[in-house]
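The block underneath contains the structure these notes are about, expressed in structure tokens.
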Amino acid sequence: MSEDPRLTALVDRAGALFRDQALAAVREWKARTGGLAVGFLPIYVPRELLHAQGVLPVGLMGGRPDLEIIKGDAYYQSYICHLPRSTVELGLNGSYDALDGLIFPAICDVIRNLSGMWQMLFPKVLVHYLDVPQNFDPAIGGAFYRRDLESLSQALEARGARALTAAALRQSIALYNENRRLVRELYALRRREPWKVPTHELYVVLRAALLVPVEESTTMFAEYLALASADRSRRPQDQARVLVTGSFCEQPPLALIKTLERAGCYIVDDDFVQVHRFIRSDIPVDGDPLQSIVDALLTDAVASPTRYIADEVKGADLNQRAAESGAEGVLFCAASFCDPALLDQPMAVRAVERTAIPWTAFKYAENNGQFQVIREQAGTFADSIKLWSGA
Amino acid sequence: MSAAPIVATTAHKDSSQVRQKEMIARHFDRLAAAPDTGTRCAYTFVPGNLTELLLSFDVLPVLPEINALQSAMRGKTAEYIAAAEKLGHSEDVCTYVKSDIGMMKSGNIGPTGQRLPSPDLLLLSYTGCFTFMKWFELLREEYHCPVAMLHVPYQADGRITDSMRTYVVDQLKNVVIPKLEEVTGRQYDEDRLRAHLARSAQAEDDLVWVLQSAKNVPSPIDAYFGAVYYVGPIFSAFRGTADAVDYYRELREEIAGRIRQGKGPVTPDGEVERERFRIVVEGPPNWTSFRQFWKMFADEGAVAVASTYSKVGGVYDLGFRHDPDHPLETLAEYCLGCYTNLSLPTRIDLLTRYLSEYRADGFLINSVKSCNSFSAGQLHILREVEARSGRPGGFIESDLVDPRYFSAANIKNRLESYFQMLDQKRAGASS
Amino acid sequence: MNYTVGIDLGSTTTKAVVLGEDGAVLGRGITNSRSNYDVACSVALSEALINARFSLIAGEFQSIARDPAQAPTLIGALERKFRAEQYRSQLRVLDTELRRFLSRLLTRPPAATGIVDRIAGRMTAEVDALYAEGARRKSDFFRDLAGSRYLALAEEEARATGVSFDLLAGLFDKAILDVENSAEAAGRFDEHAAVALEALPGADPALTTAVARVSARTLEQIGSVGTGYGRQRLPFPEGRIRSEILCHGLGAHSMFPRTRTVLDIGGQDTKAIQVDEQGIVTSFQMNDRCAAGCGRYLGYIADEMSLGLHELGPIASQSSAPVRINSTCTVFAGAELRERLSLGERREDILAGLHRAIVLRAMSLLARSGGVKDEFTFTGGVARNQAAVAALRTLVEENYGARTVNISEDSIYTGALGAALFALRNAAAA
Amino acid sequence: MITTGIDVGSAAIKVAVVDTGDQAGEQFLAGVTERVRRRDSLAVVETAYQAALDSAGVTRADVGYVATTGEGESVPFRTGHFYGMTTHARGGLFLEPAARGVVDIGALHARAVRMDEHARVLGYRMTSQCASGSGQFLENIARYLGVTLEEIGRLSRTGDAPEACSSICAVLAETDVINMVSRGITIPNILRGIHQSMAGRYLKLVVSAGLKDVVLITGGLAADEGLMAALAEAAIAQKSPVDIRSHPQSMLAGAIGAALWGAFRARRLAGLGRRLPAGAAELASS
């Protein structure tokens, strides 16, 4: 039985968006609507706020293996992760010309410093460092974050965006709630029937969604969900179920994801393109909507490595995700030189070791093209799960 | 070319140096005795340290960064780092963290050979670097002790806003002070805090005078290698103490004496007799080969006249002083103002300013693999400062405490080429 | 006559440039670097002096030749005969060394002696063809030329006799070291020149006169400066050692006075240098110690493909669709290359991809050092490689706009030239 | 059942023939190692395979399963493919039944594998994508020093003042070696220094993969007694609880392991009533 042509077409369309490093879709949207487009770096920004002011939030995720880095390397030493250099390269080669601004969420020192570099390299665009609080008391960290969001909102308005109104923000929250709900459903479907939602496909869809308005991406998710779950041409194979963690910022190359799948793994949970799942449940639409956004970050955000969370919450969280997804193994898969991911890893490993789940770890860079070692490693991992599971 | 010897071979120790050594030894004695005396200890970091506040609660600070660099100078870090990597820590991450974890796993023996007390509190004031946060997450798993988290926002736009100040003060009031009260069982005593802050400001005045003495030609101090010793007390456990006030007073007098005699800086291998190059340095030093590294400069007659590393514990030369009249606000201001919390454009301004104010021939960046906070963006700094100052920049790479990343031959080659370039430029300009 | 010399002791090759007192280049010499630095320097110097003498001979002969129009051809022939003789003399030493090591083997296959005899015999017999007019040689160095022939012949012999190829290859690896590290192996100028003349019976007798006159001249060294990777260990006093960066800057400036940016891709490092209008270095960047991105990368790949360095560029230039090489590491790239070849990918496309990879790394360094300004000079061994040059030109144009790109035939000597100029300044100042 | 394993490496092709008949248990019949030396590896596979069959006295028709490992996916006549660590574990256990860990040190990679008494892989660590300190690196240096592979170990053991040699590029190593030679350091001391630094690196893998007790070194470098000695010394110096061993057939471990897994798989598929090779091909990674 062959695949539904509509599914193929949808995935192709998403693939085209994913490969669109020069943001043609964004240019096209701007030409059509005359609105502002503002990029943001991984891993989280409150897109609802931008949307409510008529701004298109554009998720920037670094480069891909086929991007030749010429100028970007002039800005970074070899021992710094790859994402900032491809970001600089894309900025300098004009790919981001359509963006009226960039938001740098507080992720790590590299992104933090990049915000200053951006100010110097592109003095005309809005550069906003979003200092996500590490104090989760609404009266302290919440108040600070709220002030920060207000200043962002004013800066957008100063550039010609609509003024922020509570009504518009409520509507945007509702749209993003629906969008996030569909992502949760896609993840749930993949957990249940991973052969129906191959990760290299889901990933591309999630990436494509970063470049289009939320209304469009919601439609895309819904269609994909319907088509993929209905497709009977996709049959289960004898693969090991694994959870992939650590890739929350710089993204692994698509070929790496494919390599893992080919080496015998079903990815049943991951932290790729984390912005879609950074807030875990619906944000209330009643009450003060800006406060709701603030509170969601304080109380409902994932236990990301970039946040200070006391007690072994992160480990417990990981183990719970592994249990819920029925993972038979955990793959720690982090970008080389990524301090937040790599410093978290020993703690996470210790947590996983308290369960019976086997794990393995490797590093990548977004521009890797060589997966021999990883294939060997993932292959052996899958082999041993398959050969010995239940034994 | 080498007509007169550049570095004289007699080494001597000034009395300030003796005093400093003695102060530090006393501090470690107190720490070693802490478990018996019942004194409380807090682990905390150099940038954004709240020493006065801790002292007002009679809490002794332990600074893991200082322990790591001291371990490196004593040649212990290779072993410590290996121990941490054995536990699954990546080769890629900050070696201060690994060295600290390795030290802890090897019995937590401090730089003086005495055992360090376990923390009663982890005071996580994470100024200027996200790694601090991870570091204490790791330590917390080991010690299971209370943590006080102080999130210090980043000066992304090159200034401190009211919102930031309020946020930090709110945290001091509602998180840090209550935690300290809980851990020590004492009440917050604002008058004591004020008294410490007043002493801080006094020492800070003298420190700034010392650092700015490098504006003299020849400079009486080395403001990078030498400054490491000068900033030691004020960046660590002594800010706000009478000891620090005395030390800086004495240091200032000594240096005033050197200026009167027209003397150059003291190095471990003797005095620099002939100042050939005046250099501004950006980035932390390498600790594993500290003396060798310094000698590479001194042998060429290269004197650091200003550095940014000597500002990681506070950029006092821009005017900031601890202010006893506004105790919490001043602490907030202090935390927000440390060098690594400055935006890249601000760092560039500062370097450019140093180049002209200190009449430097050029500047050098020592880029350390460990520290993204310092290093990410340094190549951009290099270019911008070159363009703005018109003076040549040099770039070398090493690491803080991982001896694997100090390649002496490579660094020497680059330094030599750099100094020859300055020389050639000078010859060209005068011909 | 008096001369100054600059010696660039590189990681792969050692270069010497000899200048007359007027600053004109008299001769250039190159040899592969080896463990004995003194020998490497003295061989490079003697090669430069041979080169100087040949240009002197050419000058002399031109004026006294029977048929001046034919003079350059005749000089060319003389030089080939000279080189052939030099090669023969090195082969003789190699042969002796092979035997010496053979006799030391604990378990010596009986057939081995015969094999070494046959290989040596065949190699000697091939010398004339190797240096025949128009013949193409894979390298300029005895190590490479003799090595590739020896290994090919040894493989034949191993197949035919069943003696282990590893044993034969091992013998060569040992013997060649001793050949290289004896300064005498290459012989003396006048002796080889005499033999070369004899090998040209019936040539214009004026040639003999010219050779005799030049041989009789004494060349007096009045100054020297060393540079290069191995400069710290050069047999030179400290004041006569200069950093490679400065030497490359000055050398490039002297060849192309309007140069503002210099890129040098040598055997094991790549340098991007900015110079001012006087040839003074204003900023520079060097790569980390990793062969990826330097000349040795190409050398390694050439070895992997059993090609000569000279052959890489021309093959790569035939490609129309360079492949993207995934491995950064040279050794892994070597493995990747073999894998791709066995999957049927075209050799020229793979090679073109490898050349592009190395040039891309250079582009990063250039960007770091401050970009590419006009005029741009490309030096170092890799500038001899046309595919690398072509890739560089394209990328420079794409990223910095139109730039005058200077490349000299003699670019590999840039560092040595700079050093020789420093030596001349020193001599003038003394 | 007679099965074969082909380990396609970047430096050498290894072929093993085993018999897993019920009477005598698992029996190793023959093994052949052929260095690739810049030849086309598939052609080398062909000759090595034939040589191995000849030496075992069997024909192609006798072989019940042809298992490849390493880079063997492109071998056209394979029945199935297994990943390298799976096969080295199995082969290692066969050669050294007491082993609970193997370290495969080949031309480009090294990998430390922790396993149980059934050769079940429990954990592993591999070296990165830099060939510094690899077999290839040692080979390049040896070549430059004019030392054959077989001599390396013996020479290294006579070194009395090893020259410390930090991580250096496998390709540029020769310049460092030139440098050392020019400083008058003897060949044994150079080699021993290199062995020590390699041993340090590998021991790190061993430790981080959690290996304990008996560890068998497999792969080509197991034949290097100098490295083996350095590993043992390093283990003692660092108080690592490992007993490092090698076996004369260590280089063949991957091939032997593949052949044994091949037999296991063939039986299982037969038990499932599936036919070869269609069923086994499913195991081959695509």
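A, B, C and D label the chains in the order they appear, each numbered from 1.
Basically, a contact is a pair of C-beta atoms (placed from the backbone, for glycine too) under 8 Å apart; a residue touches a chain by one contact, two chains touch by 3 or more.
Computed from a predicted structure; not experimentally measured.
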item	value
Which of A-B and B-D has more C-beta pairs touching across its chains	A-B
Gap in Å, rounded to a whole number, between the CA centres of chain B and chain A	36
Where chain B and chain C are represented by their mean Cα positions, the distance between them in whole Å	49
Rounded Å distance, chain C centre to chain D centre (Cα mean)	38
Contacts with two or more other chains, residues of chain A listed in rising order	74, 370
Where chain B touches two or more other chains, by residue	88, 379, 383, 397, 407
Per-residue multi-chain contacts in chain D, two or more chains	129
Contact graph of the chains (line, ring, star, complete, other)	complete
Interfacial residue positions of chain C with respect to chain A in the complex	288, 324, 326-327, 332, 336, 360, 363-364, 367-368, 395, 399
Residues of chain B touching chain C in the complex	1-2, 379, 383, 386, 392-393, 395, 397, 407, 410, 413-414, 416-417, 420-421, 424-425, 428
Sites on chain C touched by chain D in the complex	11-12, 33-37, 165-167, 169-170, 173-177, 229-230, 233, 267-268, 289-291, 294, 296-297, 300, 304-306, 327-332, 335, 338-339, 341-343
Touching residues (chain side chain D, partner chain C) in the complex	10, 35, 37-38, 40-42, 71, 74, 108, 129-131, 134, 136-137, 143-151, 168-172, 175, 177-179, 181-183
In the complex, chain C residues that touch chain B	238-239, 242-246, 276, 278, 280-286, 288-289, 368, 370
